[in-house]
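In this document, chain identifiers A, B, C and D correspond to the written order of the chains, with residue numbering beginning at 1 in each.
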């Protein structure tokens, strides 16, 4: 049994991690920390876990995290970078669900996150945990930077095109829509039910922290810089990301086949039949990304001109976009079957 | 007082028209027809109108529509084209909220709507009721083709750019999100609450009936063909459309100023301050389009390259996108103040 | 024109009051205060009011509230009681939408609201603003205590029975369901969209502040003490209260007729036909209470025994349950038509 | 492995059963029938099951249901009664999720379901599948009548009181609120998202089919007739039932202890700590009923009089209220661990 610890387990990625790990056949939950809730039973804060998680939150200073085999950081940005070194030195492996180790360019990280990075030397060592790209490196990693939710949906949606050199890399567009749980369990006015339901709006059009992360991943696949307009929107639902991706075609090929081949052996990426419109709910509570590829008419003189590829990519932001992917990374790091503990069927309706 | 009739008043555009007309100071509701509900009090079908609308539905054959000054068609597509001629000949003016007279190219209409057009000779005569474009022609019109919901939000969002020749007209993108009332009051499985809530998906990516309508309007403004990728999505809310519009800049100018000037005298178009993210709810139940203009960074070598304009355009699909715009057209046709009966403040929260 | 001031206009009752007053033909909005937002345009905080409310928030100390004809308190509990005296002395009339003056028993008020009352001498003078009960006294009032949302729906639902002495007064039950806007515009975790949507739960079963207010009103109508079990629930919607009321019948009569007669002349209470199930949405954004009366079978030996009356009472908690009722009170206080500025038709769908 | 068949698998209980059975370690899905979808892959209708359910729907006449060990009826009422006999004669065991065999009084069944019962002789043989009451009899049953959703939540909530003779059995009240999936996957106007969201209403106050079922179960526990007012409401969410139950206390005891003891060994009933307010979401997608017991003040002379017990009982209507309970019954019938395949943790948020 793998002894697992969770730092900062009171947010949505924390409770989702608890849901998944408490059902994982090879994991023993050893500790979960929360400065604010120390001493309180986890199931008192999250009654959905009554009878399933017997732990109480422990104070970060007192948790015996160094005795764990793996520690997950489900913390706000800026915490993991301060604590990772000591744990790694103690032989603990780390999956950081926050953003501390995602950007390789420390200066850019500091610009976007408005913090001084506390462990730049670990940044190079960290492996970006998008399993469909870095599977082999993750296996040996001591520190995995778990991807953000938008970056997961968008990279999985665009990677086949980029790897194939099939679209104009200077002018990609990602129009993404997220359920409100993506904003975290934070008491902020704009996230209230009375504000966020029955409403739809874009946000952070001028610049979102996931933009450099996405561009970094795409650039690595392209082996050159990539231009991307990224417009995130808040959608009146709890879970789910729908990324609608636009790329100008530069090389003809069978795009449906391209995607099917790229993901043929991926257990958690489902390329749907041509013409499909994936529902976000078809991934609800499941560790899955579903993708469909379209090539609509544009008109502009010739009604049937079709210059633009439209890719639809959906995930559950808390599972494949966060905690499920974290467990997938853990499975790889410990030599378990990649799908272990991640076989939940999506909950519909 | 203007005597108004409504044909087919049992759908969402019908009940919204009733809400607006019953509060209009210069309108007398004279008749409302429904084959299925004939004889039933309107307020028995729609209890929200109890005490406000005293009419009963009458059978289409028996309604004295020819005695009306204006008749609104809130019918499924294909009805108005069969009944308009007789009413026009009787001196009645018509606002058709359905799609029968929107496309000038009858062959294209027949291709998209899969019907033989019953009154092609009226198509030429019909005026497209986007007041912000055709105000003068609407004043004298006998037959107004009220625009679709997506076409309203998208055209108002793109017109200033197109009129100014500022973007690449061959490759516009409209990524649009609509609340479910846009699909109408139809008993279809995919519109059930248990199907459509907590879910987000694109639909009709391969071709939507509003696509030729939008392209027609844009082409008229551009005086040439326009290429457009149009991707509609269903959003888990009742009312509201959010169009996110992308255009590659071809001519530099102050885009914020461009929009402010274009709509300076428009009572129902609100250009928001630079950097705004309009909420759909800020137009809920009100006859308004709110627009914001952004120019985000793209990266791709130079982090600050900003080649693409992003316009956010929101409406309430049932008001500015349907029945409110119909009343606006009626006001113009009868020489009333354009804003009469349309001064409702948006309902928030 | 009546010069109106609003103290504390940043919550949901505040924005709703702004929506209504900005459309009221006899009201001039003179001042709105907010300690936190002082100096900011109202329409910057609430974009739905762009073009409709030109005021900026002013600091409470600097607002010239004493020059107003009427001041509305849309504040948290405990504010109005400290400021009312000075305004009344200056000749200003007050409608307090908070709870400061609702309970006649000051000791009980202090027990429930956990504050020392700052103006007990004004409590006796305050008139409880349930127009359907206290219309005449409201006309002459200088200080109106606007009823709470639950108390409005529940009292209007039960009053006919109690006035008629038709049910067992010792054992009434009010099972009430409220949309989340009833909890106010407060950044609290349990009100987040991700917490409150797709969920239903009771709260405060052990004791809710509206309980003594309801019992006070019912006892006044009954001229004796009344026993009431009150169970409020949070419902995943923005607006609306549905009260399901249970009373054991002690005197036979035609209950439908009882209700119809009691409310025959009330412009804002709609007794629906026997057998109806009022939708909360049929009052959305409108100053209305809709009521239906049922007498279901109970079984228990005789299948058709029908000992219990079930009354369904619905309102929009922000309109008839708060700001609309406040305007109704103002209309009465200033000798205007009671319905002035309150003729909005409910927004459906 | 148990070979399982499903008749009528296109509704919400069908897809939920597929979700559960496809993850059950001892079940092999052998056949699923649908007259309308015959020949279509299950995963084409329900993309959430892509990769998890390989079956196609088969025509009812051609499915080899008789080779199954167990057949679940997830059909509209009136189907199972016609097909059960032949299957039972072939040695197949049946769990009927519809209502055909729930009422022991055939005449009463025919009155409520407005059908002639096709197999009255099987009614006596059928075991009512509320495991917490009939566990032993279910083990040996050939035909289990799976309880309705409201009856499950309400009976589990009231049974301890009734078995203890602690409340007035002539005047129980069940005020129940259900998510819209309880109404089934039916294309009906009132279930549309645009109708059912942002709305709350009671329905069928005059008489609901679950009323006789609940009274039958309560009467059996009481060994006498029971009087019950049952008021169901439609709540704007997909899953979940919240029953708020009221009983007048006739015998004093420690009610919290009563409930804890009654359900001490029940794997799927969770008695929460005194004073709790269970969320429906804390059971989402899980086979659980959570219960809390309250005794609020009533006033009526003595402020602290507390004559009425209030029990809050929540379930996921599709799991413990339907398909999860059906699997629980199957486990009992086949001698498996009762919890096998039913250990999903509730999905929150």
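By our rule, a contact is a pair of C-beta atoms (placed from the backbone, for glycine too) under 8 Å apart; a residue touches a chain by one contact, two chains touch by 3 or more.
Just so it is clear, the structure is predicted and the values come from calculations on it, not from any experiment.
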Item to check | Chain pair with the higher count of C-beta pairs in contact (A-B, B-D) | outcome: A-B
Checklist outcome for this item: In whole angstrom, the CA-centroid distance of subunit B from subunit D equals 45
Item to check | Averaged-CA centre spacing for the pair subunit B and subunit A, given as whole angstrom | outcome: 38
Checklist outcome for this item: Residue numbers in subunit A touching two or more further chains are 12, 179, 181, 185, 194-195, 197-198, 236-239, 278-279, 281, 284, 349
Checklist entry - Which word fits the touch map of the chains here: line, ring, star, complete or other? => result complete
Checklist entry - Once bound in the complex, which stretches of subunit B touch subunit A? => result 169-171, 173, 175, 177, 179, 194-195, 197-203, 205-207, 211-212, 215, 225-231, 233, 235-240, 242, 244, 246, 248, 275, 277-281, 284, 294, 296-301, 305, 307-308, 310, 312, 314, 349
Next on the checklist: Which stretch or stretches of subunit B touch subunit D in the complex?
Outcome noted: 12, 179-181, 185-189, 191-198, 236-238
Checklist outcome for this item: Note: in the complex, subunit D contacts subunit A through residues 12, 15, 19, 22-23, 46-52, 181, 185, 198, 238-239, 270, 272, 276, 278-279, 281-286, 290, 318, 343-349
